[in-house]
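Okay, handing you the structure first.
So that you can tell them apart, the chains are marked A, B, C, D, E and F in the order they are listed, and the count of residues begins at 1 in each.
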């Protein structure tokens, strides 16, 4: 049975930290689906189409990495895709506490799906999409925060 | 003099974690008032009336547990009710940091009122009302998160 | 049935933070036993006798506060004394993480005994017995760290 | 070359904790600019003019403390003012995690600007502008939270 | 190429939390080596032989789980065994901070080896080998802390 | 009056993280004294003389950086040297909690001495002397952890 992992997020926009996690996890799974969660009640800075296109360009040379959008609970989406793993990166202990709550509740609801964590590389650990958006709004230099494929 | 504790919160909705805290604290105090804070500027998913009814049903066999609603500062509400204790549960260190700020400011303003903390049981520690609302919105299984009396 | 709490610790030596917790908790319980844990494998700076005498002097005017020494598991000592509560102070999130582990394991082993936490007052939150010992060894001023009854 | 530090914030309103940080840092720098960040998308409780006036009154006897408003990225504002230092206070580990992200990203973008942190005094560590606003809205006593110059 | 993971630790003794991590990770890897680190300068409560025997008994029905002992740096041991993954469980944010330091330094030294984390199940999160040893020394009930195969 | 800062530590051995903090702080102070705390009850891996020589070599081109050894309380040493500032680096929230305790107690005992913190650069944040010692003992590659002047 193939090992499929979902890498869920808003990716508004995707950062160098996200990209590093997915590339480093690529050999652990048979397939990774970078899954853009679309939440009708939460506004985003960039359109879903644009976010998806950026991510597709970034991973276009990776045969086992796909990009999709989804709505609803992540564990329901996992079941629909036959994915037994949720992939997440960890930067800080605030991240960890947040992820632990989500991950343990997911596990309470669905024992068959595991959340698998990789560490963000030290040099990328201060980067978040929210900091990127803040720098972008104020016209700062984004070259060390996002991949070249994200053209703003 | 009787020992009265306020257990304040939004309870939007009450979770298995909240219920466990109140039941375990019931023998420590002469009376516990589960106090639904009504905040006109913060929207809730469930109406105050519905939240109150659920909580009343949960504790209907506990003689020393009452359910009320209140507005304004929690310490002012405590003084009005003659309560010298605020009861709170602690799940994570993020919880703790948040509660410490509130609790120490309350203590600066009113030395006569103490915040008393119990630990959330390990199995309930990932549950929060906000995770419950998220699972509910997306049609997930709530049976391990909320008591049977909360009928959604 | 009377509400008895154990306040366990090494108290090597007792600090202003410890004293504040016990005094503030005194009206919540019928009796508080300040219990000096004696651990044959852990060396202390001050003798058990001296630590006990200091604590007795501090609380000599409190009718419902006693001082004892004990060995073995704290929950076993609680059962022996008929105490259903363990009292602890919380200063920092590191404290919290440590106490949560102990408290939740105690709860797994003995559901009838609850750990009850009060917040350390903000002004005392940086004080620990280990910092006191370090200042003492180096001849620093201890007057803002320990009660006058601890004569060094 | 003179050592100029920016102390950026919303100061909605300024608290006793903020004031303590700036006064204690005053001798470390040749000039400190208390810089009120004006963010058109974030609403504030008090007007920029009022916040500025309060802060000017508080520091009117400090020759090397100025008060200004700014928009945009803090590091761009620093460059405009010739400031090589950003001054920040640290109260809690949640504060620290937040500040580290901002500070390390600033450092990635501009190696010449350093963020310098002082510790909030223990007695002020529970105070935040958001707690002050909450107490204010509910008519609580603010005298231990904000300086006398902040007249509400 | 086969996916081999090392699960390193002292396992002094192995706990229910450790066992849960390994069993849940068993389908993610082709082989997991539970690797008992032998450190000549750190004393243990139980002998290496005994610890190894317990772990072998626990996993005797899992074809892809092996038990070994090792000395020296974990990443060197990984290279010797052809393992590209280090498996670790995460219980608390204190755990996370500790693991992040080790994991990021390992990654700085050897980019080809990734640390993969699973969350400890909520009900096991308070359990640590050090708490188990403390309960054991004091004659407490260990049945909810360690697997039946660990016979003390 | 000149601004003198003490950068205290064991430096057993000094790491790239320490060096980065001192160099970045060099322009903020008139003089920085890298002060090796000698503690007769705590054993070190490298001799005081060797640690001092390494640090002197690292900073030999910095006119305002000196290296000394000291015993006793850091604040007493500061007073002896006329230093009004203690310089410290912050890597993690565990660091922060530890430093806050020390820093706030120092401030309680001596209001005239401030602890000033800089952030460790993201790429150095996982490095600690204790990890360096562990890698060293096991023959690992130290080139990304310590400066070239530390010859092991």
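We adopt the following convention: a residue touches a chain if its C-beta (ideal position, glycine included) is under 8 Å from a C-beta of that chain, and two chains touch if they have at least 3 such contacts.
All figures in this text were calculated on a predicted structure; none of them were measured in a lab.
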item	value
Where subunit A and subunit E overlap in contact partners, by chain label	B, F
Contact-richer chain pair (by C-beta pairs counted) among D-F and A-D	D-F
From the options C-E, A-E or A-F, the pair that copies B-C, where over half of the contact pairs coincide	A-E
Averaged-CA centre spacing for the pair subunit C and subunit A, given as whole angstrom	46
Mean-CA-position distance for subunit D and subunit B (Å)	34
Touching two or more other chains - residues of subunit E	92-94, 97, 100, 103-104, 108, 122, 125-126
Contacting chain pairs - touch in the sense defined above	A-B, A-D, A-E, A-F, B-C, B-D, B-E, C-D, C-E, C-F, D-F, E-F
Subunit E contact footprint on subunit A (complex, rising order)	3, 24-25, 27-28, 84-85, 90, 93, 96-97, 99-100, 103-104, 107-108, 114-119, 121-122
Contacting residues of subunit E [partner subunit B, same complex]	92-93, 122-126
List of subunit C residues in touch with subunit F within their complex	92-94, 125-128, 131, 134-135, 138-141, 144-145
Complex interface listing, subunit A residues touching subunit B	72-73, 75-76, 93-94, 97-98, 100-105, 108-109
